[in-house]
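First the structure, which I've put down as structure tokens, then a few questions once you've had a look.
The first chain written gets the first letter, and so on, giving A, B, C, D, E and F; residue counts start at 1 in each chain.
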């Protein structure tokens, strides 16, 4: 299982299609930095099919005022949880 | 009349919607750098409605091997023509 | 006509510096004047006096220098953007207790007000980012 | 577990440095080891010894230094990416006929082979760009 | 909040007062320095006595959400700069309504500044009415 | 060109030989240094005796078009590096077929290197088969 890291906003970048194309059925996706814009309800179309495997970094949501605006299917983890996700993964793939 | 300069590829960026939204009916758009990917046939959907006002920089097309691959509605100008476009415009707006 | 350029892209990372230099040559060839190039964001690194690219690649700082020498173009670097990124002239280096310096004439550290002036006091300002 | 980080983003321009430093703290707090941080692309500017950010902003270079001091993390800067961008240690500065230097220990200029080693010889490599 | 603009506009500057410098903000806080650097340019221009306008578009609209905080290393977002705008007499602040809609946000969500929402024709009128545009 | 991959794949690494390092190239030539920097990392890894793979995806597929030239200041694109790949024993080169299609390109357009086109399941198998992935 690979962990994918994504730091771009789905409203300004088209990278999300490439990320989904490279993700296996068990792979996980963690949204960080401007990537957490992908946790908004309106971003769901760009990140479909990731039920239970879509994470967003709490610290980056908080600093942007987005913590209370996350879609229901997004699992919020803090940076300690970020490390835990990397521990459990075979490797991490960064997208930017 | 404003000249808009765009240096991002329509296949990786979503900025093109914002550019079109800010362009008036007389405004011109010049594609430079990675923006010249927008001169490919398949990019037309991202830059609709610019007949006669859509330009691409010859030097950037050439260095990428794209000069022979331009869509018909794209007007190719060299850097001298780029300066001429700025001369004729009230001002230039850069998008990146 | 009087032109100014704003450069926001870092040298050797983005094409912005190359594009701006090429545009500068072309506007001068058409008989225009290039009064100012203002460096902001990562563009401030264009002034790095230690820049040492491979021999077979263009030396971007030297290209800016010849613009300044041959066409009296002012090369202005935003001081706030420069300081945090480590671009200091002799005076700022001394003020911050650092030895040496990373920026020197004809590049000059200036306030952001110079960007506003360059934007409004020339016929055209073109941004390369 | 043994971790390495790759940092490609420029300090004060992109969030990459901040994210990497925060992740470093967190992995160390969980009892892991951080063997190496490799700086490439605009990430090389994190080593700038002239960096002078405002007092009320984090000093990114100092944060890297304390990682090296407290956790024996190696701070490796790609020499090819560094030279063209003006990041030179004393030896490279002398070799290129420049006075002063912009990079010093514990940062070290190394080849890209060290990125490959950091990638393959640790349990995890995480890239921040 | 769109009350400033009521007359129909047809791509010219009808109804939009002229100005010196329009600063276009296309990036959100924290991810990069673009937003802060753009706001600082706007403030300096205003301090120089120029008539300045701000247009929040693209991810720049995220700058207007309340509840922002410093980052984990203590790095600032943009809310402290926004709070200072009034002091610098930057009073003409606009938001691209299409950018807001694309993100599922409404006028009620952008509370950090008093802003005017602009539709396509109004954005065009705005960029026409100002002598120069700087984008960040 | 897709002949290497014939067996059906189901998201595992069936049919995909293991390797040490997969370098993912997502940017085209000239616009930024990402492509050259990624290719250089791949060459160094190969020179160190590691089994290296290259995946061209996103705008990285543009690197494979022929007819590229130096830029107006004499700055290099990536074609000289691609030509050197064989010398460094980097022989496993793949192209994301979806990225190619999105740009209106076909296998006939990507001529600078012998490459294998990969569909979704094969891209997944590739990223699974390599121990590490570096993206540029």
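One rule holds in what follows: a contact is a pair of C-beta atoms (placed from the backbone, for glycine too) under 8 Å apart; a residue touches a chain by one contact, two chains touch by 3 or more.
Source: prediction; values computed, not measured.
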Other chains in touch with both chain D and chain E: A, C
C-E against C-F, pair bridged by the larger set of C-beta contacts: C-E
Distance from chain C to chain A - Cα centre to Cα centre, in angstrom: 38
Centre distance in Å when chain B and chain E are each reduced to the mean of their C-alpha atoms: 25
Inter-chain centre distance, chain D versus chain F - centres from mean C-alpha coordinates, in Å: 27
Residue list for chain B, restricted to those that touch at least two other chains: 7, 11-12, 15, 33-34, 59, 79, 91, 94, 96
Residue numbers of chain C (touch at least two other chains): 12-13, 15, 22, 41, 57, 125, 127
For chain F, residues that touch 2 or more chains besides their own: 26, 30-33, 58, 71-72, 99, 102, 131-132, 135
Arrangement of touching chains [line / ring / star / complete / other]: other
Pairwise chain contacts under the document criterion: A-B, A-D, A-E, A-F, B-C, B-E, B-F, C-D, C-E, C-F, D-E, D-F
In the complex, chain C residues that touch chain B: 1, 3, 8, 15-16, 19, 22-23, 25-27, 29-30, 32, 124-129
Partner chain F, residues of chain A touching it in the complex: 2, 15, 17-18, 21-27, 90-91, 93-96
Of all residues in chain B, those that touch chain F in their complex: 7, 9, 11-12, 33-34, 37, 40-42, 59-60, 62-69, 79
Residue ranges of chain C in contact with chain E within the complex: 6, 40-41, 80-81, 111-113, 115-117, 119-120, 125, 127
Residues of chain B defined as touching chain A within the complex: 11-15
